[in-house]
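Two complexes are shown next, each including subunit A; its partner changes from subunit B in the first to subunit C in the second.
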Partner chain A sequence: MLLDYDRLGWLRAALAGFTALVAAFLLLPVVFIVLLSFGSSRWLAFPPPGWTLKWYQELLADPAWIDAALTSAKIAAMAAILAVLIGLLASFSLVRGEFRGRQLLRGLLLTPMVLPVVVFAIAIYAFFLRIGLAGTTTGFVIAHTILALPFAIIPIATALEGFDKSIEDAAIVCGASPLQARLRITLPSIRIGIFSAAIFSFLASWDEVVVAIFMASPTLQTLPVKIWGSLRADLSPVVAAASSLLVGLTLALMIVTALLRRRLSR
Partner chain B sequence: MTANALRRQSFAGLPAGSGGALPALTLVGLFFIVPVVALLLRSVTDPEPGLQNYAALFGSGTYVRVFFNTFLVAAVVTAVTILVAFPVAWMLAIMPPALGSIVFGIIILSMWTNLLTRTYAWMVLLQRTGVINRALMGLGVIHEPLPLINNLTGVTIGMVYIMLPFMILPLVGSLRAIDPMTLRAAALCGASPLQAFRRILLPLSLPGIAAGGLMVFVMSLGYFVTPALLGGTSNMMLAEMIAQTVQSLLNWGLGSAAAFVLLAVTMALYAIQLRLVGAKRLGGGL
Partner chain C sequence: MTLPFLSIRAVRKAFGAFVAVHDVTIDVPKGEFLTFLGPSGSGKSTTLYAIAGFQDPTSGDVLLEDKSLLLVPSHRRNIGMVFQRYTLFPHLSVAENVAFPLRVRRRPDAEVKRKVADMLALVRLEKFADRYPGALSGGQQQRVALARALAYDPPILLMDEPLSALDKKLRQEIQTEIRRIHRETGVTILYVTHDQEEALHLSDRIALFKEGRIEQIGTGEDLYLRPASEFVAGFIGNSNFLPAEHLETENGTAKVRLADGSIIKGVKATHALGRGQKARLMVRPEAFRLTPVPGNASLAVEIVDTAFFGDRRRVVARTGSGDEIDVRPTSDTAEPGGADAASGRQIFFDPATAFLFPA
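Right after this comes the complex of A and B.
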């Protein structure tokens, strides 16, 4: 009865205990970093000798951190928009196209997700050095769009596969043009997939470190590059404050996602 | 019929329905394929045509040790991840959904939290004077701080932490797909729980374990951030070496050769992965 929750006997207690431990392990760094950011010790002593908000004040008073956050948001938003648009078009032909090499094309478009980022990072860096895009916002957006594309294609293609195409055909038979049918019937039906695609591609760019380290210039830094630099220099509590704000953002994003999914799927 | 005919005409001259992929194909072709191929060419042309970069790579004890370390870390991380993920996935597959959704929430929160944030937390937790050492000493388990960071232990803890969601989530899917009746039948026929586990549950979940394990292994092979921050100089991994060779030493030829080795190994394993799960289900853990 190994797959029957109610008849597992003593094993259930063991599995549940282990699962709780792993959940605690997964939660530990996230909770720890938030607590640490309010601690008053510059040397990150824990438990902290007192509580303070000074690391947040230091963080918000430093224009370099604010600039980095704004740069990240701008690049991630552009990369997400591009990845969703290009991914949407590509998904239609990957799911519905009838041509040879469709599977090959799918594999090719998903490759940026599998290829070690460091290989892509030095390849695109060398390429951009040559064509003068290294250290530019355009270069950043192009590189991040490529990395985000698989994260846009997978949820959209999955949603499109689950959509009954005969509904779209019915609209066409009733007089809609193919474009109208797609825009007014198909797109609204796969909106959850499109929405997930937007979130995932945004995160893929927002959290990206490796390409960013190569692409960054003294005047163009994303948030991960700024954190990376601080981590290499020292373990300042200001990084804990920045990290906690990122955790807060993640939580907010998760809640918005859950709420929107519930509303959209109604 | 009319609808299909209309759609077929919409992109004259192109194979049916392939037009939509053109922007993606252009982007990936121009800014992914071209740069990667150019990089590979560089490994046999920089500083002069020939295979000297590969000779240097495989002829030097330092670089061979980096290869060995990379495979060692990836293998250890994969093994530990599978062992930890299996019981959790098992529990999640059969747990009442209300309770399970809390665990799923924690998994997603950890997975979505910024990678550097998580790694930074482990840097602070694992350091000599960190919470873990202090707690163990306080409990009297150890008397001297354990070296938990800048070595294999640190990398393993940090990487397993990152990889767990990628193993648990697909595994839950493949465990849920197993018909509980097969196990009920085994019990009816007199199999002990251990026998049922070894001869039914484990073999039936093996494809899921293999697919997830291969994905974790491939991801670990090319990982850069966590090994660079939690690992030591004596067990540098391939990705960090490639970045350093290019960024600090400006040795593009050698860096490209190392990148090609990493790419070849990854793509070979990716091909096996595709065979195992099919291109469609790749990334299903999203």
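Right after this comes the complex of A and C.
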């Protein structure tokens, strides 16, 4: 091989250094935010003069923040459920279907992942304004479901492709109707894919900010929108605390996913 | 005459212009072990799928106790099936797999429990009831699949090359199990395989498929000892085909001339052949002798190679016209004499055990 890691010599150290630099570049801001959220300085000074939990107390005492978090969770949960349901049906037709334009449909369903978010945001905002869905929970959920769909379809379709259809046929010969066979045999067999789809769709909505900024109204704000808004108004460490909670929940979900995947794929 | 238990009537399956199965007709008595044998693409699996309901035949009918199965959807046909691939439900334990067909039939719990225990005892996997399919070997998985397919006492069990993924030793072991289970349950079995040994080991009757048609149907002995065509003779067992010219047929025996000029008399005439018509003489390797037997035909050959296989010798001989012959006499017959004695040797066979097919 042209680039054999074992034969790079001194370049190995350089490569390791560069990798560490990239990792630091990606991770340091997150680490800083978390550290600052525990710092006692009003002005986000680093290093902090002392340590405190008061920003978290302030955060949890403010109904606006709690509201935003609940709104985010509610929208993300609904978008995840819808994305998984639609993703399941779409995956069956994309993987099992034999019809013209199947590849085209697959491409279309996956576009939200590659389309610049701001383009999508403007388009759907303009459309929702016209039909009166802008600034509503329904509008939020629809927009986020579309964005989350590729994250639901990819793991489900992959799991379904890896599932031998003979197993479903066996269930049918055993006496299960085609629907029963799918519900009782196929779905449980691809549960890892469905579970990943749910987590990824939830996260796709949970930390989405561009579409959310367009969709938000003064009374309907998700957590990322609230953080963004607060940052612009005043640079309080409360924002750092909110961001840390956002990071914490995301991290927790990823860890739960990894653990469950390991347990399920026994 | 009593009605056949299962009747496959003129079943035809076409995929566009390609006809996979040409009007196959078979009657299967209750309790029979019938094997569909043939090379891949010969239509044997397609016929099985038509019975299972995975593929609707283009025309023809499948009757079970005189009632058509074709209008019944797969899941209501009440047929058992074991697949080529491992098809155990991965998220269910062995016991739950076997219970599945009974659960969808809403049988009472006590009955399900009893039946699952019976079935696992039948395939001798009682100790594996709580394991998951991922923790079983291929052979164990296919035995569980068999238990699952028999749990609801189906009138017919279909088996689609169930052992093809297993190694040879395990295959023979499970074949013996399948024979025992067939004897103990008396279920009617239709079995698909491309392995002639497997077919001979298991079946009451074998239907040999070729290009979507049944070439011959009969017991293993019928197919081996009385092959209807060159294809059957070539597919079942080992055979030597020697180019020949038909000279004449009289009183049911034929006289032929081989390519090296030797004349063979007394060959059973099973096909009507014209004078001078090109034909092929088929002789089984084990029909040859290395020592003269009264009344046998002889061939002048050169010994090319000889090997000892315990119960048999294997000798490769070459005729004057260059045709190689596989000779497998029992090993208690004389050593052919090695390469020194190569020229001028003769091998012998009883012409009544040879077959003559049109070329």
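Definition applied: the second predicted complex is superposed on the first by the 239 of 266 C-alpha atoms of A that agree within 3 Å, B and C clash if a C-alpha of one lies under 4 Å from a C-alpha of the other, contacts with A are read in each partner's own complex, and residues count from 1 in each chain.
Just so it is clear, a residue touches a chain if its C-beta (ideal position, glycine included) is under 8 Å from a C-beta of that chain, and two chains touch if they have at least 3 such contacts.
Note that this is a predicted model, so its numbers are computed, not measured.
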{"item": "Partner chain(s) touched by A:Pro178 [first = subunit B, second = subunit C, both, neither]", "value": "both"}
{"item": "Touched partner set for A:Asp169, first subunit B, second subunit C, both or neither", "value": "both"}
{"item": "Partner chain in contact with A:Phe46 - subunit B first, subunit C second, else both or neither", "value": "first"}
{"item": "Larger contact residue set on subunit A - subunit B or subunit C", "value": "B"}
{"item": "Which of subunit B and subunit C A:Thr145 touches, first, second, both or neither", "value": "first"}
{"item": "Contacts of A:Val22 with subunit B and subunit C, given as first, second, both or neither", "value": "first"}
{"item": "Touched partner set for A:Pro188, first subunit B, second subunit C, both or neither", "value": "second"}
{"item": "First (subunit B), second (subunit C), both or neither touched by A:Thr137", "value": "neither"}
{"item": "Shared subunit A contacts, counted only where both subunit B and subunit C touch the same residue", "value": "169, 172-173, 178"}
{"item": "Subunit C residues within the subunit A interface of the complex", "value": "52, 54, 73-81, 83-91, 100-101, 104-105, 132, 134, 145, 148-149, 152"}
{"item": "Sites on subunit B touched by subunit A in the complex", "value": "2-3, 6-7, 10, 15-25, 27-28, 31-32, 34-36, 38-39, 42, 84, 87-88, 90-96, 102-103, 105-110, 112-125, 127, 129-131, 134, 161, 164-165, 175, 178, 180, 183-184, 187, 193, 196-197, 200-201, 218, 221-225, 229, 239, 242-243, 246-247, 252, 255-256, 259, 262-263, 266-267, 270, 274, 279, 282-283, 286"}
{"item": "Interfacial residue positions of subunit A with respect to subunit C in the complex", "value": "164, 166-167, 169-178, 180-181, 184-185, 188-189, 191, 266"}
{"item": "Residues of subunit A defined as touching subunit B within the complex", "value": "1-5, 8, 11, 15-16, 18-19, 22-23, 25-30, 32-33, 36, 44-46, 85-87, 89-94, 96-100, 102-103, 105-127, 142-143, 145-146, 149-151, 153-155, 168-169, 172-173, 178, 196, 200, 203, 206-207, 209-210, 213-214, 224, 227-228, 231, 235, 239-240, 243, 246-247, 250-251, 253-254"}
